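Chain lettering (A, B, C and D) follows the sequence in which the chains are written, and residue indices restart at 1 in each chain.
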């Protein structure tokens, strides 16, 4: 037997792993970060079980290379997502923690 | 000796190859396609030598799976890009041609 | 409180979502599929909590385009992964199911 | 009129841009770098116009995070590719130059 909490945690993990590996490497700058956040939220919101998604990209880390732009790195992600299976909602996040973009389950409701 | 036309064609190729492999696989639907087009245009416009970029995604090919969304496929891309090196501008595109997302140089000016 | 089963399921989800969005779109053919399977297994095996990973890509779906190759699609994935948190092991998979590349927790031990 | 040199340069650009954005972000370590190089070479060799591809990933830059692995970054790429259109061969590369993964046409033959 697999519980709804376990399924919801699994679904949240899928979405965070997907975001990371779909978007890392994308050219980015402070002035385009808003459009990229909107696109990631729009894409993620389409997927099964997602009931909420908030994506913020850390502009302080968007240091320009000599051509005037940066590249989306895992360390820039500040994401909170909620997934729902049955009556259970899982809240999870991706956030920089000691220089590593940590993904974690925050809790259930 | 490498001419400015050759360099501009090379730069246009880089950007089209980059777009394809950065964004293919992204969850998409007709109602989110605009946000994705905007993000691709914003990201590409940051890169060296790009002077123009227009991205249209073919909504007719966005057929929903059983969860109500589709996935960005190479066949959906309709892109026109201009790159500039020295005094030379290269115009190139990616477009579905006989079921293959063909990338081509259109011309120089 | 979040249980080890919930954490292990979350970790398995991360890895499956990551594989999908990192590798979809890659040029592929039957003769290169083995090298790609090996690279995906090697990459995934490095990540936290992974204790086992088996990747098979469905060669029957690798239909050549007019240039003689295909493109890695979600439908080609047949993956089984085990993740471990504390004393708990989670087994999960990605497999084509009714034309959708379904990701599921199989069980715990 | 577009020359074979221009077309070959365009094709080389496509492949370098594709490699960058397909593979950046992949988990990697010194002991898996060989499998990843092989997979990138295999994938790229399938694409139109490619007559040669050599991929080396700079192991010195593969600094382990606290979980014992690194992540494929643009700065690690050392790639040389040849593309052929008609009777013309274009040689191009991607290589770290002043902290930027520079892509350049080397010459034609």
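Everything below uses one rule, namely that contacts are C-beta pairs under 8 Å (C-beta built on N, C-alpha and C of every residue); 3 or more make two chains touch, one makes a residue touch a chain.
Keep in mind it's a predicted model, so treat the numbers as computed, not measured.
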Looking at CA centres, what chain is most distant from subunit A? D
Cα centre of subunit A to Cα centre of subunit D, whole Å, reads 28
Subunit C and subunit D: spacing of chain centres that average the CA atoms, whole Å: 24
Please set out, as single numbers or ranges, the residues of subunit B touching at least two other chains. 20-22, 25-26, 67
Which label fits the chain touch graph of this model best, line, ring, star, complete or other? complete
Going by the contact rule at the top, pick out the subunit C residues touching subunit D in the complex. 22-23, 25-29, 32, 35-36, 38-39, 42-48, 67-69
Footprint of subunit C on subunit B - complex, ascending: 20-21, 24-26, 65-67, 71, 74, 98-100
Write out the stretch or stretches of subunit D touching subunit B in their complex. 2-3, 5-7, 9-22, 92, 103, 105, 107-108
